[in-house]
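What follows is a set of notes on a single structure, which appears directly below.
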């Protein structure tokens, strides 16, 4: 029923929601501080975590025991990270850990892999280039068509904007022949033409089977990786590494992380604790000796050092997140708050987060005080429902009620619209 | 009587509506031509790849246009009603008051819908001559919240205009600004995938706000 | 017979300021009633309450037997409303506005409207917004006449009109009402005009109705008395003696009483008036006599 009271109630609730979104955002903006974990890299010389810390004035390089290193010392004890500098200075050692090293070898074994919840919680245009994987050229050539895939695979020629019937049919049949079940669930790969080489696309079919689809000499190459038979695949992110050792990282429903090896699509499980795609970030900095695997979770950061050869865990270190000013005050002021955008997702929608019972208590006290004051000054009167609402929603609810408070005295007369 | 109400709104707004429709239609050759020049500059295949890889939206200039159209239409329709409180004349008509307002708002929403639909369908059918269906659907997805923002901006403007007290108008305007900003926060085409139904619900809910102002107007609320 | 307008116990405040308390009045069918009052006594407030555009603090009004808060469309079509300043939709021209309103009223009579319009020096395509105040008033009046309502509510019809248009308005209105059994409730701040027009007057003072009476009775009975009195004496106002004023032994006051009784009233205050003259009054003088100059 459209009555004045009902609309007023809706307006008050909506105002409360908007304030629960805007005020925390404004407070965060005012108190925001660059608070992050320090950059940490594992020394392959003395097997220690070395952190780069900014103390407000200058960068300091320290190990976990607090020993400080100057720039030159830092370069030497983390040679894998600084090998270019060492080469330029002529300081690159011939052997490390008894292994003879050279720049080419270092380069081949080095890769960086980054994966954030925003990568996972996102959607992209359903249009992808199918590069020629064996063009024989050093750099990849952009194709003159792009494909989209859902219930079918369709190639569109850019120049004419026409569906390429033959090519589409060719790939469709090749995929079906290899047992690919349409519709595709998702597709993983690198769209960029500026990549060192092309391995095409990895696609999860309707049955949860992971297929590699690429174009070799103009013909479709489709292969079931069989990874889907071993694990329950949720997601995959590809990477090109200089040594062609792996296709990418695969995440399963049990929150394990694997890499898909170049050898027979073998799945190799990373010996790290569970990884939540929806909330955790991962950074892998691999070198000749170790993989520095950094998993940043909502309240802590875990560093895992994996041996480059057998991928066994060589060392680990956990740091806990120091709450920032907002996180310290929020539980006392806001029983919860609303965020539209999230660090964990590209999707925009209201999220109710930071539930806190403490805030209900403090708000209750503040409201009692406020109402007492108003009562004493005989300024305002609140109805029982309004009081209950303010108790529940706190000072923000009080602001909302005040915004849409009707000034005119209570009367028996109610205006009706016919 | 519905005809008469529409007739009144038409006489009041015809030149504005023609201008709005013209601007929306004029945007079409502008967007199509600028797309074509980009095609010539970068090559069609390359531009397609860039659109796919970087989620580039080449019609994003349209983003604020429906919002501005809704706002201006609301102002031009209801400021004359509020000058010297001539809304009294409208509400005094021998026609149910709620329905009179509903029909006035329907006229505004209908005009906006015609402008949006006409220009939108023309634009997208022209674009689909040189862009594949997936890019078209992507941009269509991205533009839905813009059009919803246009309708909602119109309704909220009506709500603000009819409100008789200036202090409350300010509160309403702040509220509307905050609410509309919810519609226009996307940086990617698919950012509103889950929120579009919520935006639609907000727009539908806002439809009843003008009646709150009408109640206050009828009560004779003043400063 | 049921009165056309009935207001019961109207009390209204603006914020904490009391406008009036327990106002009661009725207007019978076929009467032309003028609501007179100084600025700020709440004339427009009453019009707004009557039309349902103001929620009074308490009390209720009935128009044509229907509660003013829930006037039905059918009843509204029987009420013609002229807003303060002859407000009309200014984006219309005279053809369009007639076309618009005619759709809403079953008894629409376009002849009186066009008769009036033909006298105006306006073109058919001229928008109301480009017309003079006088021309707009004629359009507004024409529309009300065409609507042919049983009850006309006119808020300050003389506002902004030059004497010619005012006279035209009054003449037209009187002629129209005389020919049919219409009821009119009007306010104006130019009381001269009302004298020729109204059957009844309600005179408002701050917070209350000072007088509700037929115009004839006021004109017949209300008198100004001028007389001489001893130097330095003062006269107090009583329920019968309105606004006495003494300047240099020259006194004047107003009363409904005949001269003899006025003299007796004054004698009760301790002296005898001499050289008393009784003067008949125009409605405007009577209004000032009743409400005072300040």
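Letters A, B and C mark the chains as written, and numbering starts fresh at 1 in each.
In this text, contacts are C-beta pairs under 8 Å (C-beta built on N, C-alpha and C of every residue); 3 or more make two chains touch, one makes a residue touch a chain.
Protein identities per chain, from UniProt: B = ABC-2 family transporter; C = ABC-2 type transport system ATP-binding protein.
Since this is a predicted model, take the numbers as computed values, not measurements.
Chains joined by the most contact pairs: A-B. The greatest centre-to-centre gap from subunit B (ABC-2 family transporter), using C-alpha centroids, is found for C. With centres set at the average Cα position, the gap from subunit A to subunit C is 75 Å. Mean C-alpha positions place subunit B (ABC-2 family transporter) and subunit C at a centre distance of 46 Å. Subunit A and subunit B (ABC-2 family transporter) have Cα centroids separated by 34 Å.
Residues of subunit B (ABC-2 family transporter) in contact with two or more other chains: 96, 218-219. The multi-chain contact residues of subunit C, meaning those touching 2 or more other chains, are 52, 55, 73. Along subunit A, residues 408, 415, 418 each make contact with two or more other chains. Only residues 1, 3-4, 7-8, 11-12, 80, 84-86, 88-89, 91-96, 217-220, 222 of subunit B (ABC-2 family transporter) touch subunit C when the two sit together in their complex.
The touching residues of subunit A, counted against subunit B (ABC-2 family transporter) in their complex, run 2, 4, 6-8, 10-11, 14-15, 18, 21-22, 122-129, 142-146, 148, 156, 158-159, 161, 191-193, 340-341, 346-350, 403-404, 407-408, 415, 417-418.
Put simply, subunit B (ABC-2 family transporter) touches subunit A in their complex at residues 43-49, 51-53, 55, 96-98, 129-135, 138, 171, 175, 178-179, 182, 185-195, 198, 205, 208-209, 211-212, 214-216, 218-219, 221.
Residues of subunit C that touch subunit B (ABC-2 family transporter) in their complex: 14, 48-49, 51-55, 73-74, 76-77, 79, 81, 83-85, 87-92, 96, 99-100, 103-105.
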